[in-house]
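Chain naming follows the written order as A, B, C, D, E and F, and within any one chain the residues start at number 1.
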Amino acid sequence: MRADLTKRYRFSASHRLHSAALTEDENWRTYGKCNNPHGHGHNYALHVTVNGPVDAETGMVLDLAVLDLVVEEEIIEPFDRAFLNIEAFRQIVPTTENLCMEIFRRLNARLMKEPSHGAARLKKVLLEETSLNYFEFEG
Amino acid sequence: MRADLTKRYRFSASHRLHSAALTEDENWRTYGKCNNPHGHGHNYALHVTVNGPVDAETGMVLDLAVLDLVVEEEIIEPFDRAFLNIEAFRQIVPTTENLCMEIFRRLNARLMKEPSHGAARLKKVLLEETSLNYFEFEG
Amino acid sequence: MRADLTKRYRFSASHRLHSAALTEDENWRTYGKCNNPHGHGHNYALHVTVNGPVDAETGMVLDLAVLDLVVEEEIIEPFDRAFLNIEAFRQIVPTTENLCMEIFRRLNARLMKEPSHGAARLKKVLLEETSLNYFEFEG
Amino acid sequence: MRADLTKRYRFSASHRLHSAALTEDENWRTYGKCNNPHGHGHNYALHVTVNGPVDAETGMVLDLAVLDLVVEEEIIEPFDRAFLNIEAFRQIVPTTENLCMEIFRRLNARLMKEPSHGAARLKKVLLEETSLNYFEFEG
Amino acid sequence: MRADLTKRYRFSASHRLHSAALTEDENWRTYGKCNNPHGHGHNYALHVTVNGPVDAETGMVLDLAVLDLVVEEEIIEPFDRAFLNIEAFRQIVPTTENLCMEIFRRLNARLMKEPSHGAARLKKVLLEETSLNYFEFEG
Amino acid sequence: MRADLTKRYRFSASHRLHSAALTEDENWRTYGKCNNPHGHGHNYALHVTVNGPVDAETGMVLDLAVLDLVVEEEIIEPFDRAFLNIEAFRQIVPTTENLCMEIFRRLNARLMKEPSHGAARLKKVLLEETSLNYFEFEG
């Protein structure tokens, strides 16, 4: 019997949408006000979904304390109250699509190293940028 | 690398649930108070999900301004502050199931004609009728 | 020791904003699309706030079952799944301001007749028309 | 044309996370404060998703009144305002994973016996334990 | 220039509504299912409002880290994942009204002892028991 | 008969909390991570409350289109997708307290100049910085 568990986390960061592969005009046409030179920010809401068998003894898919620690160290610490363009996104544009995929990669790599994750696997990352849009990546 | 993006929209409309294929009694038993002759209304919340590859240059699945324009012209303009039974639903009952499918058809047909949609495809329409129920259609 | 208790209720109704005191042109300039002849609708969220002393024996301001019954009979029954213009609003425009005041009057009149209301008094009615606006009336 | 309909329900219950298969120490390390001897509680939010063809006459997947009755009798009645460990969970730990699977089993068994369910099938149960986590089971 | 700041906190607890001043029958008529002998629980959402002058140097009413510490030690530690009837509510009924007033007393007493609170004063405690009701106390 | 109407707006901005009146050490102790040199950001939710008599002819406190225009030009245009420290907050720290008071001043000054505001007055500005805190200013 397998189930999904999803936990929600929050972090607040700023970014500027600007691609080195585009001219100034193209950047403005592509990103609009999000291309403003000094950047702007969001309260991101992150939903991390893990799938696995429900352990017969504990009744759990994964110890939530393990997931909390992994997300705290891999995501909240580097990204909360940070300017994304000088963090992980010096080379690639910090759109929410790219941020969502980067978060999936970091969480997946780390979770696979945790001895306690058992048979649980990272299934999906959903990232809300504002209350009006969100992005999902399944690896 | 493919991702889903979902954007939320809102419109307020009224409708009356009444099927020409049913007797008056059957209509009442089927729809209850929603069969009241003068209709009633809802604040609908519409979630439009598009799936596509993340563009390497822009970091985006689809230009959200394109999606906003398509939804504005195809859905918000005809349905917001409208009585649905005299709009698209003269022949079929404007249940949220039927409304959800009609919205999918309109958005899908229009999005396919937009030159800028690239490889992105309409994946799902989710429509909340009240805070207690919602409907999903995937084409 | 006095405290406030607030309970939330929901109803879905339709209305047309149109004032007999205005010309057709003035109606359109005043209400815009909300003046559409066939009306439209909303999921209203109603917050009813009662203030009173906390009873020493029961630890309560008011029996919530009493409040539920009063709101059910005075508000939900007549307004849920209804067209407001043919209900209480034949003579006055069913704006949310007017609806909010009418709800206050109905609840206040009825609550005063309930023997079990003790020293509790209706303090405020807050009515959400959409997720973007709400109205408050304190009598 | 098939669609999903989801309806949300709420119940408030208490539980104690404690496994007979674990020592006292292991129980504490596994469940932390949720192992407190006198238990604690939650407002659970339950999302029930049913999938089926949209009926051509009624425009509906399933009569929502049928779903409401099934959930009321099978879930709300036994679990609302209850201590879960003395209800269905004398032998197994009432984690939200196990509660979610038990709810799926009860709803699925009952829905299959309802003559009016037509071709609709229970697809998924999603159970929110707090605003920060939720669990999903698809049978 | 004075402003209000409000911070939201969450804790999950269980309780049984039962008054020693009432007979068994009266308890049942007063509290209904909430009088069930083994209790039940809620996710409480606590809003703490502090009023004070905005400091000209820091631009703040109160250091939020101070408020977080006070709420953690006075409220979250004793009440989260606890059975309220064996905590502060052995003698008085743990209705949300009484819980709200007890939280106000604890926070107010402690905040007055913090050297860093400056001229800020506890103004209001709002406590949500479920998504359908909440209680407010202003001292 | 007077009533309050409140409308909600959203903007996304970035800021750095840093006071010229404090040393580097004091800045860090006061603002923590919010003092990071490159700033961070938020999705701000703004609630604007106007109080006034309900017009007997129109049933309205204020034409919402007027309020929308005022907020759009005075607040959304300068602050959305902007870095607050180079906008209105070169001299004073862009804490949410200060941002809330600045928004009140701008809206109040502008609303008083609108011929159509009638007897309606700006009553309160409430500004949510994250889902866990908000600030209120009443002039």
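The rule we apply is simple: a contact is a pair of C-beta atoms (placed from the backbone, for glycine too) under 8 Å apart; a residue touches a chain by one contact, two chains touch by 3 or more.
Computed from a prediction, not measured in an experiment: that's the story for all the values here.
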Ordered by label, the neighbours common to chain B and chain D are A
Per the C-alpha means, the centres of chain A and chain B lie apart by a whole-Å value of 29
Rounded to the nearest Å, the gap separating the Cα centres of chain B and chain E is 42
Multi-partner residues in chain A (2 or more other chains touched) are 32, 131-132
So the touching chain pairs work out to A-B, A-D, A-F, B-C, B-D, C-E, C-F, D-E, E-F
Chain A residues touching chain B in their complex are 17, 19, 21-22, 30, 32, 92-95, 97-98, 100-101, 131-137
Given the complex, residues on chain A that touch chain F span 10, 12-15, 32-34, 36, 38-43, 80-83, 86, 130-132
Within the complex, chain A is touched by chain B residues 1, 3-8, 54, 57-61, 63-65
